Amino acid sequence: MRDVQGERDTRNIPIDRVGVSGVSYPLAVMDPSENVQHVTGTVRMSVSLPKDFRGTHMSRFIEVLEKCRGKMTLGNLEEIVDALKEQLAAPEAEVAIAFPYFVRRAAPVSGAESYTRIDVEFWAMKASRFDFVLKVAVPVQTLCPCSKEISEFGAHNQRARVEIETRMRRLVWIEDLVSVAEQSASAPVLTLLKREDEKALTEMAFLNPRFVEDVVREVSLRLDRDERIKWYRVSVVSDESIHNHQAFASLERFVSFPAR
Amino acid sequence: MRDVQGERDTRNIPIDRVGVSGVSYPLAVMDPSENVQHVTGTVRMSVSLPKDFRGTHMSRFIEVLEKCRGKMTLGNLEEIVDALKEQLAAPEAEVAIAFPYFVRRAAPVSGAESYTRIDVEFWAMKASRFDFVLKVAVPVQTLCPCSKEISEFGAHNQRARVEIETRMRRLVWIEDLVSVAEQSASAPVLTLLKREDEKALTEMAFLNPRFVEDVVREVSLRLDRDERIKWYRVSVVSDESIHNHQAFASLERFVSFPAR
Amino acid sequence: MRDVQGERDTRNIPIDRVGVSGVSYPLAVMDPSENVQHVTGTVRMSVSLPKDFRGTHMSRFIEVLEKCRGKMTLGNLEEIVDALKEQLAAPEAEVAIAFPYFVRRAAPVSGAESYTRIDVEFWAMKASRFDFVLKVAVPVQTLCPCSKEISEFGAHNQRARVEIETRMRRLVWIEDLVSVAEQSASAPVLTLLKREDEKALTEMAFLNPRFVEDVVREVSLRLDRDERIKWYRVSVVSDESIHNHQAFASLERFVSFPAR
Amino acid sequence: MRDVQGERDTRNIPIDRVGVSGVSYPLAVMDPSENVQHVTGTVRMSVSLPKDFRGTHMSRFIEVLEKCRGKMTLGNLEEIVDALKEQLAAPEAEVAIAFPYFVRRAAPVSGAESYTRIDVEFWAMKASRFDFVLKVAVPVQTLCPCSKEISEFGAHNQRARVEIETRMRRLVWIEDLVSVAEQSASAPVLTLLKREDEKALTEMAFLNPRFVEDVVREVSLRLDRDERIKWYRVSVVSDESIHNHQAFASLERFVSFPAR
């Protein structure tokens, strides 16, 4: 059969990225202690396409995914992009793997345990040098300092989402970034809370009012002190309870040591 | 050209509904005072298909939509389903039109005006008798009575959504149902609030704690007193600020007079 | 601490459903052969609330979920709704669990294996009698019979989704319904296809043109012949490649034996 | 009342972006000929926040939006970002306005008219210099050249989406980019097609097979010849009909004259 994709292209236009996206696939994610979590991944894989080729061979992306689905770690992401480069004869390859990840949490007073869902993304790219970004999105609570200050009682509060992306010097794991996010907000968000826990979180939030601007800065202060991190982007999006829209703040920073 | 859809089908299976969905179309919605709001509608139109026909003629749905896009009122929905029945030679036709609709609101203290988005759906069906349901989804705030009662200060609150569906004896307009939803919650949600308004809404919510169960009952009490309404379904979904999930309540009722 | 939810309500309005929704939770789904698939579930749990109670105890839903997350089968769904009824002292309880489920498939010519994602939902309710519905949504391809007939060459085709809901006399498993859906369409959809497979599927679809009306009837014929099934609803939604909207068909049927 | 946002912040961290997002608002978009289209916009507005300020004043974003909602053109976007900079005393401001926009189209043979929905985004930013990007997303059809070549009959085809972002020397309007997208694909996608039109589009697609790589290059060739454009990014995402995932290609280019 004719290899239409492999034909010579004369339009003289290199393509930055060509590949597959929205691939829903079962994956086994291993943390640094070799614990496995079986997750449902949404995968995007792509390569750059030199100007002389008409197309790439899309099925080879899936073949590479098939081979590595049983074990997906921060350690073998470079192998995956290397495999893509080789299988597709490409100068550059990229992979992005998004998945819901569950961390076990205990309620603050009762100790009742439940899972919190964290949205995680591994992103890796390689031309000559390997580049990797770990992203986590963590649900938290924000309580408005202005509302608390100006009102005689109460203060509006709401669910917000802290997103942290990092490039690292040494491995930082998902749970580390979840802690940073939760400590920087007015209060954490948990799936199972008994009445005594609800009381504790309500009071904690009232004692820790935070604008989205505050949360983003608190995250920044914590990440600046972490020698394992060399770059980060943090954004906080708050589903305002007095509005039908979101408030957000974001910042991006390279960290040099000693830090500011 | 051969009319493949019009061919005789021998599988002996009538089809309940066949049609088009997800049709994004510009529509002019007229309220009872003949005011026009230009909206982006998402339309589903369908008919029943008797067992003897292989298929329906999908393009005719769009022709009917084209004809009525300039004027879409509660008054001409019956004409639309009649046109579908006739154009598609069908014993039964159905149309559902969902669109964002904007109501003008003033902030409680400053009087500053802005728009609140309401999600509206018109649903109509006709076999022999015409049936019509108006649905509105209204953003509101809920403040948790339990959290307020058990905590020394503060109370968790969040954005919630009140959905009201009604069948009517006499016309009830969108704005009427928006008012019912807002009055039944802890506080309304507005797009533009100055500081004095934020103070007012924070305090209002604190003084009106409501579970989703309370909101659904408060809506129910109000609708029971409205002689224009003969059936309703109300549901309240609250984006809990201490959890990463929703709390919800719903009920459905035929209203007979005198009411309960 | 005061039990605000447990207080007596005097508004005299029973609530049909009150509970939690959008709960993202890791679950272990067991098939009839005791094989386990670790999935990310989205859970809704609710009970009916008699008129005398102000609210339900939302945390108990999560406690029940926590207890059964390790093992979720069609066999223990009744235990879950029974536990909800008991823990929440409710006359009626309902649970709906949606999750992506992966089935292993071989390409038709090369035999190359990959996973196909199926969207599954378990729904169960119990007042006095236990009721259960299994729902699967299967991606397939449809090729338009009209387009093929009237065009000199080619025929438009597209991805579609077959949704089958069933109530059963005897256990029908997910894989059974996936097969019914795929055999009823123009061709199956697979994640990994080598060139020889792409050729095979392209030709298969061209030889099996199907309107959404045809697919829904073909599914119906197959389910009518299956003695394990007592009720079903099937709908097919096709992402038309010549339009920016969907075509759909649906029907619902109780199956009595001998069938039509 | 205390101005909590205006307080001095000592954490020494400037914030890149702070503002509101997901604001759903009715807007009047004017094209170059002063024709008005009433649209439902989703708006994000933000400013940079110097390190000395604790927070920004979120309500002022909405006040600016309120003022300009009646008239939103490519011409007055700079006024909007200037107003944001002034009202919020910010060194830099950004606005992004996404909305569905409808273009009137005639079917190729019957001439039957209908609307095609285009997703448009205006993005503007200003620190010292004003920067503006127009983005359109256009539905099209792609027919696979490989599938056509290797199969004895037929060829898989599907709906795809061409996204074009441009920075301009001189005004390029939405309709211009829609034409570029449609001419670069296998065939356009229309809402209303009579049978003769369906035949025409089916045959047109079969005679113009295009990989996503081809479409992205065809768009690139057309934009390279347009002297009004100084930068563009184009991406094509195809909802593969033989897979349950997407194929995509993208490229970004500054255009210098004479072009390549």
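Details
By written order: A, B, C and D. Residues from 1 in each chain.
Methods note: a residue touches a chain if its C-beta (ideal position, glycine included) is under 8 Å from a C-beta of that chain, and two chains touch if they have at least 3 such contacts.
What you see is a predicted model, and the numbers here were worked out from it, not measured in a lab.
Using mean Cα coordinates as chain centres, the one most removed from chain B is A.
Comparing chain pairs A-C and A-D by the number of C-beta pairs in contact, the larger count belongs to A-D.
Look at where the CA atoms of chain A average out and do the same for chain B: the two points lie 35 Å apart.
With centres defined as mean CA coordinates, chain C is found 29 Å away from chain A.
Inter-chain spacing, taken between the CA centroids of chain A and chain D, is 26 Å. Residue numbers of chain B whose C-beta contacts span two or more other chains: 1, 23-24, 117, 146, 150, 191, 193, 195, 199, 243-245. A complete topology is adopted by the chain contact network, contact being made between every pair of chains. Of all the residues in chain B, the ones that touch chain A in their complex are 116-117, 139, 141, 143-144, 146-147, 150-159, 187, 189-191, 193, 195, 198-199, 201-203, 205-206, 239-245. Across the complex, chain B is touched by residues 1-2, 4-5, 9, 11-24, 46, 49, 54-56, 58, 145-146, 149-150, 211-214, 216-217, 220-221, 237, 243-252, 260 of chain C. On the side of chain D, the complex with chain B involves touching residues 1, 23-26, 37-40, 59, 62-63, 66, 69, 100, 102, 112-115, 117, 191-196, 199.
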